[in-house]
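For reference, the structure I am asking about is given below.
Going in written order, the chains are labelled A, B, C, D, E and F, and every chain counts its residues from 1.
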Amino acid sequence: MLLAIPFDDLQTGTRWTSRGRTITEADIVRFAGISGDWFPLHTDQEYAARTDYGARIAHGMLILSVATGLIPLPPETILALYAVDRVRFTRPVFIGDTLHVEMAIARKRSRGSDRGFVTLAVDVKNQRDETVAAFSSTLLVRRLAAQ
Amino acid sequence: MLLAIPFDDLQTGTRWTSRGRTITEADIVRFAGISGDWFPLHTDQEYAARTDYGARIAHGMLILSVATGLIPLPPETILALYAVDRVRFTRPVFIGDTLHVEMAIARKRSRGSDRGFVTLAVDVKNQRDETVAAFSSTLLVRRLAAQ
Amino acid sequence: MLLAIPFDDLQTGTRWTSRGRTITEADIVRFAGISGDWFPLHTDQEYAARTDYGARIAHGMLILSVATGLIPLPPETILALYAVDRVRFTRPVFIGDTLHVEMAIARKRSRGSDRGFVTLAVDVKNQRDETVAAFSSTLLVRRLAAQ
Amino acid sequence: MLLAIPFDDLQTGTRWTSRGRTITEADIVRFAGISGDWFPLHTDQEYAARTDYGARIAHGMLILSVATGLIPLPPETILALYAVDRVRFTRPVFIGDTLHVEMAIARKRSRGSDRGFVTLAVDVKNQRDETVAAFSSTLLVRRLAAQ
Amino acid sequence: MLLAIPFDDLQTGTRWTSRGRTITEADIVRFAGISGDWFPLHTDQEYAARTDYGARIAHGMLILSVATGLIPLPPETILALYAVDRVRFTRPVFIGDTLHVEMAIARKRSRGSDRGFVTLAVDVKNQRDETVAAFSSTLLVRRLAAQ
Amino acid sequence: MLLAIPFDDLQTGTRWTSRGRTITEADIVRFAGISGDWFPLHTDQEYAARTDYGARIAHGMLILSVATGLIPLPPETILALYAVDRVRFTRPVFIGDTLHVEMAIARKRSRGSDRGFVTLAVDVKNQRDETVAAFSSTLLVRRLAAQ
């Protein structure tokens, strides 16, 4: 787990790769249900077949949500998700694609003596190692003393 | 619906307000299940009670996902979600809070003769009209001729 | 089970009462997600509080769906659901209400030598024995010989 | 949206067509879970393969539920769903079929000076434009003055 | 229903066979979501393809959970599930397999004058009649007088 | 993670404690939907109120399923869940209880030169540190050489 060590010991540039998860038709259907986003590119295969994509694709927010679920965060140190920046959706995710996350510590910044911000540069990749989305994510963390 | 008119007629500054949606315990539980994000601030009330929040709060990505579901997009003109920028989570969302979205057309930009980018500035607000999250969202749209 | 006996032995007027089921907030939230019906009377408690109901109520179609789930049908004899008639929603169903079904065989009618129609008169009642919905349901059944 | 204009201006015969939605295996599985209706024609492909249908089909109530979700209703004027009549299931819906709704205002009737009933004649059609279900639906609406 | 008769009339050795249920990709995806068990053999088809199984398989606990759902229990007599013993997972369950339960009364034992334990020997079988899991399940039942 | 080290280095008696998870009404409702187990002690609060428990309780299999989800298993070494033994449900789990798992390596046994069985003794406890269920779970693991 990338952030399970004390803040002061975190090294920018440290990389970590997640397990994978296959995006299923059930995921897209359930995500439409929970988000309320029924845009037909995700939920109507007749419509999707007439677009450049040629088939239903995953919602961008489903990709982001799955990505955050693939990043384990230690409950002892993480206080909150503060910001998400520069989200770009670079390739469609189709039913049956398997995603994983590759990420690196991009920046760290103290905020007083007991807290700090850590910014992760996150790439979401498919089974062909193509980036489907990229973003940076900034967490507020507890600045624990190294023990 | 904010984007149901031709691209050339869209006016930056035009505002639109969505219906509301109450965030329930069931939403948070189901979102943990679909995202795979079981961070205990969202799923363990004993842990959450010991944090500054004092109770379980909604996942940031659930707030974003619900927000996109509250923004109706016309299937005739929207081609894709291209980018999301400067997402800030400014207040916690607790079980029982009711969210709505207020948004404005922040920018538009042609991309060739038949397509364009439209950037929306989105505020997600609770039942006390407090902003809980803000972001900008850029859509690739079909540049239909006014008919 | 009301229809587990041969068609020729079914008696109009025979009555049957189901087990109960409590309608939860999670049921309403999930039903919005599966039906795509986000009407705010079901999903926005601020809106619902301003209506005559004073609180969120279950979707009519959720009540019908739960009712059909409370009626066990023998797979050996039932061929299809043919019709539903005269559905009336007579009282709101609130979160926490417990529903059960009372029904009777209202009519039977042969359709050739091996099939028949059976019409059920169905009352959906709450924990105070008040009818919240009523309808009739016509099933196409296999006309098995009494064995 | 068909009912977004004042009651007095509604014209019987006015027609409206919805977006489409693909019925997935996940929809049928989830609907079994929320309704409690596990009839094997919907949930057991070995059983379904031996019926005239030859494969699992969608629950009738799922078709109705999806249909109501495809009909947008303006929260400003709709007060309640009052009745559903003459529901007929005319063709099976298989996994992968894409449904849409075509509907018309069939009748309107005042109920005092501030309310009225509007009856919609609804056809649910598949991707081959075949009617899979038909019903009429009566809504209690607020009789707003034209502004 | 196997246990709908009075305790004193239950015969060890009595057998009962359930209806069937097809295990779908949606079931596995939803079970990962509700259990929180994202082990990649169930949720990552690239990983699963590299194992001896060659494809994603159902969680063992999903098989057990579905099995208990296939065993109807009379609410009048069953008080609690007391124990589950000797659970063995003997064959993988793949997406599309259809399970049913075959069970027998293995033992009964009084516990005072008004209660008793009934132990069921349960086989979970697939559509080729192969046992995929076996276990015994002990229920605490009300010892009703024969009426 | 308890099993992330080579088989030959695993020590019987080693203990591990999981994060917690609150069992919600939504979990019970969804578990009824996925398992098909609608026993009224879990789904009908009027029935449950008349039992000794006084309120709806979680399904035993939901408790087991959540417990397995709380035990992280390293995909590099775990091959399969082989057996579950001596499951005892010792206390009811009510809506709002928060569960965690305490477990220990109870036994290990080689099976050839490259595989082994590891048996875990698992206690599922609530927020008052009371055991609500206990069982042992035997996993087939890859016997990796220490690196």
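Note that in this section a contact is a pair of C-beta atoms (placed from the backbone, for glycine too) under 8 Å apart; a residue touches a chain by one contact, two chains touch by 3 or more.
Bear in mind that the values here come from a model prediction, so they are computed numbers and not experimental data.
Listing every chain that touches subunit B and subunit E alike gives A, F.
The distance from the centre of subunit D to the centre of subunit F, each centre being the mean of the chain's C-alpha atoms, comes to 42 Å. Centre-to-centre spacing of subunit A and subunit D amounts to 37 Å, using the average Cα coordinate of each chain. Centres computed as Cα averages put subunit B at a distance of 28 Å from subunit D. The residues of subunit C that reach two or more other chains are 19, 21, 24-27, 29-30, 33-34, 36, 38, 40, 47, 75, listed in rising order.
Every pair of chains meeting the touch criterion is listed here: A-B, A-C, A-D, A-E, B-C, B-E, B-F, C-D, C-F, D-E, D-F, E-F. Only residues 24-26, 29-30, 33, 38, 40, 43-47, 56 of subunit C touch subunit B when the two sit together in their complex. The residues of subunit F lying in touch with subunit E in their complex are 21, 27, 30-31, 34-41, 47, 51-52, 59-62, 64-66, 68-70, 73, 75, 78-89, 135.
Those residues of subunit C lying in contact with subunit A across their complex are 30, 32-34, 36, 38.
On the subunit D side of its complex with subunit A, the touching residues are 19-22, 24-27, 29-30, 96, 98, 127.
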